[in-house]
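Each chain gets a letter, A, B, C and D, in the order it is written, and its residues are counted from 1.
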Amino acid sequence: MTGPTRKKLSGIFTPNMVPLDENDRINEPELRRYTEWLIANGISGLYPNGSTGEFTRFSFEERKEIVRIMSEQAGGRVQILAGAAEANVRTTIQACEYYASLGVDAVAIVSPFYYKISDESVYAYFDEIARNTPVDITLYNIPQFANPISLDCIKRLSEHPRIIGLKDSSRDLPFFLNLMNEISPLRPDFVFLLGCEEMLVPSLVMGGDGGTIATSGIVPEVIMRMYHLTKQGQLTEAVEIQYKVLQLIKSLIFGTDFPEGCRAGLEIRGFRMGRGRMPLSPSQRCDRQSLRTHLQCLISEHGLVEEPPGGCPTRQPARLEVDRVEIERIVSSVLSRLRQQGAV
Amino acid sequence: MTGPTRKKLSGIFTPNMVPLDENDRINEPELRRYTEWLIANGISGLYPNGSTGEFTRFSFEERKEIVRIMSEQAGGRVQILAGAAEANVRTTIQACEYYASLGVDAVAIVSPFYYKISDESVYAYFDEIARNTPVDITLYNIPQFANPISLDCIKRLSEHPRIIGLKDSSRDLPFFLNLMNEISPLRPDFVFLLGCEEMLVPSLVMGGDGGTIATSGIVPEVIMRMYHLTKQGQLTEAVEIQYKVLQLIKSLIFGTDFPEGCRAGLEIRGFRMGRGRMPLSPSQRCDRQSLRTHLQCLISEHGLVEEPPGGCPTRQPARLEVDRVEIERIVSSVLSRLRQQGAV
Amino acid sequence: MTGPTRKKLSGIFTPNMVPLDENDRINEPELRRYTEWLIANGISGLYPNGSTGEFTRFSFEERKEIVRIMSEQAGGRVQILAGAAEANVRTTIQACEYYASLGVDAVAIVSPFYYKISDESVYAYFDEIARNTPVDITLYNIPQFANPISLDCIKRLSEHPRIIGLKDSSRDLPFFLNLMNEISPLRPDFVFLLGCEEMLVPSLVMGGDGGTIATSGIVPEVIMRMYHLTKQGQLTEAVEIQYKVLQLIKSLIFGTDFPEGCRAGLEIRGFRMGRGRMPLSPSQRCDRQSLRTHLQCLISEHGLVEEPPGGCPTRQPARLEVDRVEIERIVSSVLSRLRQQGAV
Amino acid sequence: MTGPTRKKLSGIFTPNMVPLDENDRINEPELRRYTEWLIANGISGLYPNGSTGEFTRFSFEERKEIVRIMSEQAGGRVQILAGAAEANVRTTIQACEYYASLGVDAVAIVSPFYYKISDESVYAYFDEIARNTPVDITLYNIPQFANPISLDCIKRLSEHPRIIGLKDSSRDLPFFLNLMNEISPLRPDFVFLLGCEEMLVPSLVMGGDGGTIATSGIVPEVIMRMYHLTKQGQLTEAVEIQYKVLQLIKSLIFGTDFPEGCRAGLEIRGFRMGRGRMPLSPSQRCDRQSLRTHLQCLISEHGLVEEPPGGCPTRQPARLEVDRVEIERIVSSVLSRLRQQGAV
């Protein structure tokens, strides 16, 4: 698109997890290697300090370090949308200033969380930031975790030139459609990114600009193929992939406390993530090991990673729960199909 | 489709409201006239005793009467899905027996409501009905109003031959997609109807079988056109209509206490609905009159109904709220476009 | 109390379950025997057609029959608060008229349920009933199951002479205290009944007028003793009983789908309740049998009922879960203490 | 109490707000003056870094500074319960270590927030902290803002010697009573503090150990008198004060976004709080000024603060909303009564 309604951001932004070393510090070489791998696998943009990136579990200094490392590594090859929410308005504006100095394309700012605040206060918060930021902003609506940003609030905020779009993780498609319907006429360049991977294809069909998709950090080949097929109008295949990734999403995103499934998935893809900063109960650690082994087996069939040390079962082992077996079957089938098509 | 996976139900089922006379009784001639009008306007099926039909506000005898009148009037020209939920299992099974004797195609049964019950009890409820019903059943999931029917529960229930499908009004597209993904392989003839009008087009794109759509009772020409365009793969036009009906949906479904907006809409289309059985506050009655006048003006522009007694404003009147004016503009535009295309 | 602020209702009202015969009909002789037993055990009033009484699972004719039988049997010896909510305003007013003709002291009307309606509509509903009822009304607030009745709405409704009080089952003590604080000055005779058995004693300490207490239908001796001790200012003992019944409440009210625990408890006390109208899953039927056996053993120690056919374990049996054993210990201890004091 | 069940903490802990200077930095002299004033007014303990203290809006360094200043100023005259929740387990343990070095009596740790985590993970989080902390911990349950800590989880955690109690802000008295009932027998020295000011008196009657009460930071004279009266068994007077503070609580805690009402109240009491770190919309700023003026007038009648510059109305001014006037009347009446009794 050209002209005044050209959209600044579009496509699939990957909200990346952050590898830690054995001292619980950011593992810079591994983070660079992961950034490189994502770019090589065709993602549209990077999204450091998102919810998948566990931004609340790092310090302000660490969050700045994460964006610095990744934007250095990307070197302008892909867009960067940096999460910039901090403890209060003043610090959030400092974050915007720093990320602007690094040359990011935009920042994403989640609504205030912990305290329940009124719609008016949500507006006042973003209004003050928009008046003072040197970098473009996308609003980040995730009512499961933070104060909701209402349609009316977004409409008012869209009057700020610095507020260029929204990332909606509400999982509420009617809300997302009403947003596009009511805000686009007022602000044709406003960007609508979906943060709900189960319905990326239908949202794109309805005119969405893309998404911030956690599974694109684990299987970027699959998600990018699904995205491009949809944009090219090859809906039959795109819908088929959307269905085939549903079980993978269920396992990676909803199988354990978010985002532990993603961490397990990344280790299977060959990244040393370290221990997370949230302690896991013995039972959860156990599940994770089991998940890792079986996913590693699954993906290894397709040559993406090696088999785990103990080798892989040749058939459904008795100790597997039916669910895992089903996941294995489904993911295996989607990857196999994509491979036949030369996509991965 | 042919063979064992042929689906029993598909398309748009209209959950109809029930006209009342001045004595608060079912207005049989008007109900017959309304049924006739719906069939003439191309709806796929009738859905008496749905939530739009205010089933909880009628007696068992009245609910039976409603289905009797409508199935008599339809005379087999369209399918009938009859709401059969009653106060307890025994009475619900009696309802199934009666509706079977009338020759309806299937019944829809909402999960128990008022008391919060466990998933196990939801299963036990439908299981007992499925073992005893002489007519096919669709499960009706509407967690806003009644106990939710979980994916696992639906999966177990789909083993009953008598349970042939689901109507999902949860407004949760990821849930609906996971349902289709996990149940279709086990039960290829299982019917998936969506009860959320804002996302009918995307659900059809993803393979849904149709929907129970309250606005199809008010503007059946518009909704049926949107449905057929989608099924014919004319997505650009279908998506455009989906967006254009969003404001109408907002006004009819969410503008006042459901389903008062629909009652107002029906009066504008020329049906004498009578007073509802839920008292309205003075302020709501006022809003309703205003809505009726303006919608009547709006539709009258397209020759569908006459102008109201006092005539219609030629331009945006000062006393109108912006919202109403926007609705007017949008609905006017969708109908005008459809008219140009010869659709209405 | 005397003078204009004399309250019409006070004390403990028992929301009774309804015994059914083998044909799923109301078991009139058993209902009369149960009514008699409750009166003999000192309850302040009867509350037929409450949530505990599963009013939604009976027909209008049955609900009328239940109140007729019980008010006949009571013969004016205790007060009667009859649940009068029906499918719509017109039928609810018919119910009020019938219960007035039976001489009940007041009716309780739950807010409309199933549909979510606005505060204004909740007001309009009760306003219309209050203008037309020949009998006094208590509002019934149970936001878990029905539309909430807000503090402001209750304040406005308290202007109707026919609306004499409220039964609050919200489990929200701050709400209940604010209600008493803001409505009593405007309407000193307004009655505040609590529908949350875990905090009956603290609510009475704060000036509440009594409660509708499901466990008073199973162990009326215990609940009435707790009530009278509190009213007599013997707080140490009353608090001790309140704590001791917490585990019993947990088991009877929250152990299974409400009100199945109460049905089991009543059978242990010697009433033939019949099968409920909500089917139970095999696992739940199993739990219920186990609960019944162990509660029967427990109460039999105190001479209130006989031992079950197979006799009772002399000590904690290995197959019992810790929970059940704890319940047994606690209830045994509270009843034993009460027996020593000559209370039961 | 003596012996092994002596409780470490009891009484009223004040969760203090933090005065800021014109550069948005902690105003140390004013914070010291406020601390001194609270101690002089008889509060049992200080509770820096609570929700009232807006802990999430400060940095880790600032939170440490707040506790350092206040514990220095208190010099052991009252107990200190320091909020120690940080971004992750490692940092939270560092906070515990630092607060231990300052000699605080215990720390309060809120459950993880933002992400929804399982009960098992809540347990794992507190378990890891409890194994590594050099200072005693109270669990802080506030399910409105953070992941809930379930009864079973608290029961398991109470096995740690370092976990000595709980602060419950759930506003759910049945939950609080069940906690006391099930945990006290296992751990007689476990401390139960309530964080819900509307029901402090009833919780104390039921055996609670005290509370963390935001209004005790604004009107410590009133809250401490209510507390002591309850502990001395003078329930009639205590209940009367509890009712009279309900409107004040409504205004201070629920009138605007929490904790802005408290900030306004503190300025009326003579503390320079500075601008908060959350921007306020113009309408909210307006409300705040109005609240401040009227509360200042109110309290000035009792000689606690001076009249505002413009003087105070002698009677209900026309522009006041009814609500404010009622608040004024009620607070005036409670303070006047307390003054007559020589309490303030």
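Simple rule for what comes next: a residue touches a chain if its C-beta (ideal position, glycine included) is under 8 Å from a C-beta of that chain, and two chains touch if they have at least 3 such contacts.
Bear in mind that the values here come from a model prediction, so they are computed numbers and not experimental data.
Shared contacts of chain A and chain D, meaning chains that touch the two of them, come down to nothing at all. Here the spacing of chain C and chain D, counted between their Cα centres, is 36 Å. Each chain gets a centre from the mean of its Cα atoms; for chain A and chain C, those two points are 50 Å apart.
Annotation for chain C: no residues touch 2 or more other chains.
Contact annotation for chain pairs lists A-B, A-D, B-C, C-D, with touch applied as defined. Residues of chain C that touch chain B in their complex: 24, 51, 56-60, 87-91, 112-118, 120-121, 123-125, 127-128, 144-146, 257-258, 277-281, 283-284.
Across the complex, chain D meets chain C through its residues 171-174, 177-178, 180-181, 196, 198-199, 201-203, 205-207, 235, 239, 242-243, 246-247, 250.
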